[in-house]
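Note that chain A is present in both complexes that follow, paired respectively with chain B and with chain C.
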Partner chain A sequence: MFRHTALRYTALVLLAAGALFQAFTAEYFGLEILTEILILAMLVLALDIVAGFGGMVSLCHGALMGVGAYAFAILSTKAGIAPPVAMAGAVALTGGIGWIIGAICSRSHGIYFIMATLAFGQMAYSYVFEAPIFGGDDGLGGISRLDLSIIGVDLNDSRSFALFCLAVLGAIYGASVLILRSGPGRSLSGVMHNEQRMRALGLTVWRVKADVFGLSGMIAGVAGALAAQHILYISPALLSWTVSGEALVVVILGGLGTLVGPLVGAAAFVVLKHELSAVTTYWHLVVGLLLIAVVMSRANGLFGWVEARWGARIERRMADATRKQQPEEVLSDA
Partner chain B sequence: MAHDLGFWILQALNALQLSMLLFLLSIGLTVIFGLMHFVNLAHGSFYALGAYFAASLAAVGGYWMGFFLAPVAVAGVGILLYSGLIKRMRKSGPMAQVLVTFGLIFVLLDVTRIVWGELALAIDVPALLSGRLSFLGVEYPTYRLFIIVLGLGIFAALAFVLGRTQIGAMIRAGVDNDAMAACLGINVERLFFIVFCVGCALAGLSGAVAAPLLSVAPDMGLQILIPTLIVIVIGGLGSLKGAVAGSLIYGFVQTFGAVLAPGLASVLIYALLAAVLVIKPVGLFPAKG
Partner chain C sequence: MLETRNLTKSFGAVHVTRDVSLKLERGERRVILGPNGAGKTTLFNQLVGELTPNSGSVHLAGEDVTALPVAKRARRGLSRSYQKNTLFDGLTVEENLGLAAAVHTGNATRLWADSLAKPEVREIVDEVAEQVNLMPFLHAKVSEISYGVRRQLEVGVALATRPLVLLMDEPTSGVGPEMSKGFHDLLNNLPRDLTMLFIEHDMDLAFDVADTITVLNYGEVVFDGLPEAARGSRLLKEIYLGSWEDA
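Our next item is the complex of A and B:
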């Protein structure tokens, strides 16, 4: 089960403070980067729930995000539905699709699970690419952002939009913690550690996997709908498998199964990407080498590494404390 | 046109040619996968490297120099990566392997861009194989027929080596149960190394063969990766039969799908993969029962 430690709270507070500072001080370009980080953070949270706490390494989360973006765009522009309703519809649709994928893939494990989710993701990609309603390779434009003028917020302003995304990310983080602490979330952790035992305990394993995968899909759908509103233009590239692969890279670089780690990873990844692409066009090379180094070091990503060091320090301190106590105990025994 | 027999023969030949190209790529991957449970996503990058080596060598010494030396060069790169990286990843889980080889894709992609540049290269079909042949009443490019013949030839050679020779028996034993094979005195590590090199060489060969048909671009490895993975997952890991069946299924579904239902062609193959995974989660002809 997911627990907050002092270190995790500290990291969260620092991240939130950094994001708020950036949101209030940065200029247009800084705000765009912040929004990009926030939306990527939602996607990697969704992926970390299934991959880090359920062992379901999904290569279709990028596609789920793309489905959310396209559903929002189609519903709000072509079907003429009000943006908030369209967004709810898009989230419900991705959740439903996620549930179905989770249910179908629940019997597969390891590399077969990865391949099966990849297949579903590519299926969505090809369909969107070829069906005329989605605009094919040209993508879709003319998307409008949510209208929050009722509460006096104009989302067409980048600063307001970044703050709105931050608020949504905060809500999603809270929801993720709730999901992981709920019955299905705890059962999923059990399934990851020993599927047979959970089955023997009378759990309907496929159902738990499908439920959590569906919830994770809904989060990806929110990320997608916001991504569509961020760039105001969407193309099939959003559904490409490399997006899912990159999301997985971010989760791994940050720290699988820590929920806070992927947030760190998202910030690090986007900043690194922008900094490197300003210096060299070969930023993939650096990211690739970094990924290889992180995986080969056997640390659980950046945040996982910090956590492990922290845990070792506390353990050492406890060991020191018990060593100091022991002579006294011996004395009192005598 | 569509009801003409020649048209169907032409499409069947196209499908066969695509299948054979995929077969050359997938056989190495599937045996590496089956023998050592090693997930090598960078296999597509070896294919791209093969095409680049072939293009460079062809510019120096003609097509055939590229054809024969590109696989050797790719196997050399494979050996370097094996001793530097992959050997250490052998004992880690599939997740770590997927990620390391995913990182390797990024690295190799940019290395090819640095060495050969962004622009697509083109190499010419050799004079011997240019032109068209009349075959079963249709005119068909000689070079594509050459690919079909080459694929069938390699298939026959591999079927012979795997089915009739001692080293083939050792490989099959290793795929079936590597611990038991090691107990019987087979050096499974060395076997894996040999298979890995041959697999890389075949990937390089398919790159060299594909180079005159497609333009040689940095992302060609990424584009071929997904079809190759589909082939081995449909076919089942570790078996020659699976690789052949998977390649043929992919080639024919893709080609005839594009003719009969253009809107659905690419969705069709993924739907087929999903169906196979649901009905037979380990593929059609897995090496292990």
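Our next item is the complex of A and C:
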């Protein structure tokens, strides 16, 4: 079950401080990278909720993000719906689709669950690629960002948009914690540890899985709607399984089932991508080697490794303190 | 409270239970005895819905629950513990009990509340922890407690659903004599209106706690009666109790 620790709070504060520093000091290119990190962080939080706390390793979260992006684009451009309403509609749609996928896949486990979600993702990709309404391979343009001029914020400014994404990410992180501490979130954790026992206790397991998958889908939908507003153009590539695969790499790289780890992973992945791709076109090889090293080290990602070291140190200190205290207690008892 | 009528289950040519008919009254404590392979655990699995019988029916509080899945039977008040610990290993004792209590109180599916912090869940957790002597271990993870305490927790998790009927598959399996005696007290101190059916190999515990005894052999009920009658049964001595009686 999810627990906040001193280390996790510290990491969150450092990450937020780093993001704010970047948001207020960076130029255009730096702000674009920051926004990319923030949107990827939303997607990987969505994935960590189901994979890290429910054992549901999904390869359709990229497609869910794509559905959010396309739904927002079509509702706001072709249907002429106001962007805030279009965004709410896109999030609701991805939540609904996520719930259906979760309900259908809930009876499968392990590799079969992965394959089932991959199939759903590829179905969505193929449909968007072929259907004329979605613009086929050319994608869709003419997307506009939310209008927050009523509160004096112009989201067409890169800095404002990055800060807006940071605020949304903060809200999503808070919502993720609430989901994990809610009835379905805690039940899902029980299901991951022992599905048979949860069923024997009277839990309708498929329903809990579907509910949490739907909520996770909503978060992916927010990421999608913001991704569409970030680039102002979307293409079927957004729904490709490689996006889901990349999100999974980020979650594992950062630390599965920690919430904070995937945020670290998102920052590390995007920065590595941009820094390495400036040096070599084979930057994927370096990321691959890093991923192999993380997996082979048996640490739970970069943040998991830090947590393990930090946790061990705290335990040692507590044990030492207990040993020192015990003789005094014996003396005082005597 | 719990009744089976002609419950039959076979795997291919092997009949695991044959025409098993039992009737437990409210508050009755019945022990199922039988040698290994007699079909005791298979009978349990059919009672809770983990196995579908070939024929026969299961009735809980007068309702035919034979067609109901495991979760629905549990919600109607049928709870079980397992012969092998089936706990939530990465979680604390408190969280293990809380998950069960949350399911019982309906908080396990409510989105807008921390299910383990709800007062009705806390109340059940504290009460069950008291009943099965787990208070000192509430904040320990399952991986940090001894095997014997895990057996207590196994029963505690089943109890936290506030069942009408509690099924226990060898609750003292693998525990030492001292711990086994603790289980005597634990079971005897449970509410008298709780109907209990349990499989047990510890004869002292079985005869101490049971109101009635059923003996299975090759999937058939060969004895059904009071503990005193079971002690004097020649048939039972031949198929099961001989070594114990002689000892």
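Simple rule for what comes next: the second predicted complex is superposed on the first by the 324 of 334 C-alpha atoms of A that agree within 3 Å, B and C clash if a C-alpha of one lies under 4 Å from a C-alpha of the other, contacts with A are read in each partner's own complex, and residues count from 1 in each chain.
Methods note: contacts are C-beta pairs under 8 Å (C-beta built on N, C-alpha and C of every residue); 3 or more make two chains touch, one makes a residue touch a chain.
If you're wondering where the values come from, they're calculated on a predicted model, not measured in any experiment.
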item: Touching partner for A:Val287 - first (chain B), second (chain C), both, neither; value: first
item: First, second, both or neither for A:Phe21, with chain B first and chain C second; value: neither
item: Which of chain B and chain C A:Glu130 touches, first, second, both or neither; value: first
item: Touched partner set for A:Pro184, first chain B, second chain C, both or neither; value: second
item: Touching partner for A:Phe29 - first (chain B), second (chain C), both, neither; value: neither
item: First, second, both or neither for A:Tyr9, with chain B first and chain C second; value: neither
item: Contacts of A:Arg197 with chain B and chain C, given as first, second, both or neither; value: second
item: Chain C-contacting residues of chain A that also contact chain B; value: none
item: Contacting residues of chain A [partner chain B, same complex]; value: 57, 104-105, 107-108, 110-112, 114-116, 118-120, 122-123, 126-127, 129-131, 241-242, 245, 248-249, 252, 281-282, 284-285, 287-292, 295-296, 298
item: Residues of chain C that touch chain A when the two form their complex; value: 48, 50, 70-72, 74-75, 79-80, 82, 86-91, 95, 98-100, 102-104, 107-116, 157, 161
item: Complex contacts: residues of chain B adjacent to chain A; value: 39, 85, 88-89, 92, 94-96, 98-100, 102-107, 109-111, 113-114, 222, 226, 229-230, 233, 263-267, 270-271, 273-274, 277-278, 281-282
item: Touching residues on chain A, where the partner in the complex is chain C; value: 1, 179, 181-184, 186-187, 189-190, 193-194, 196-205, 207-208, 211
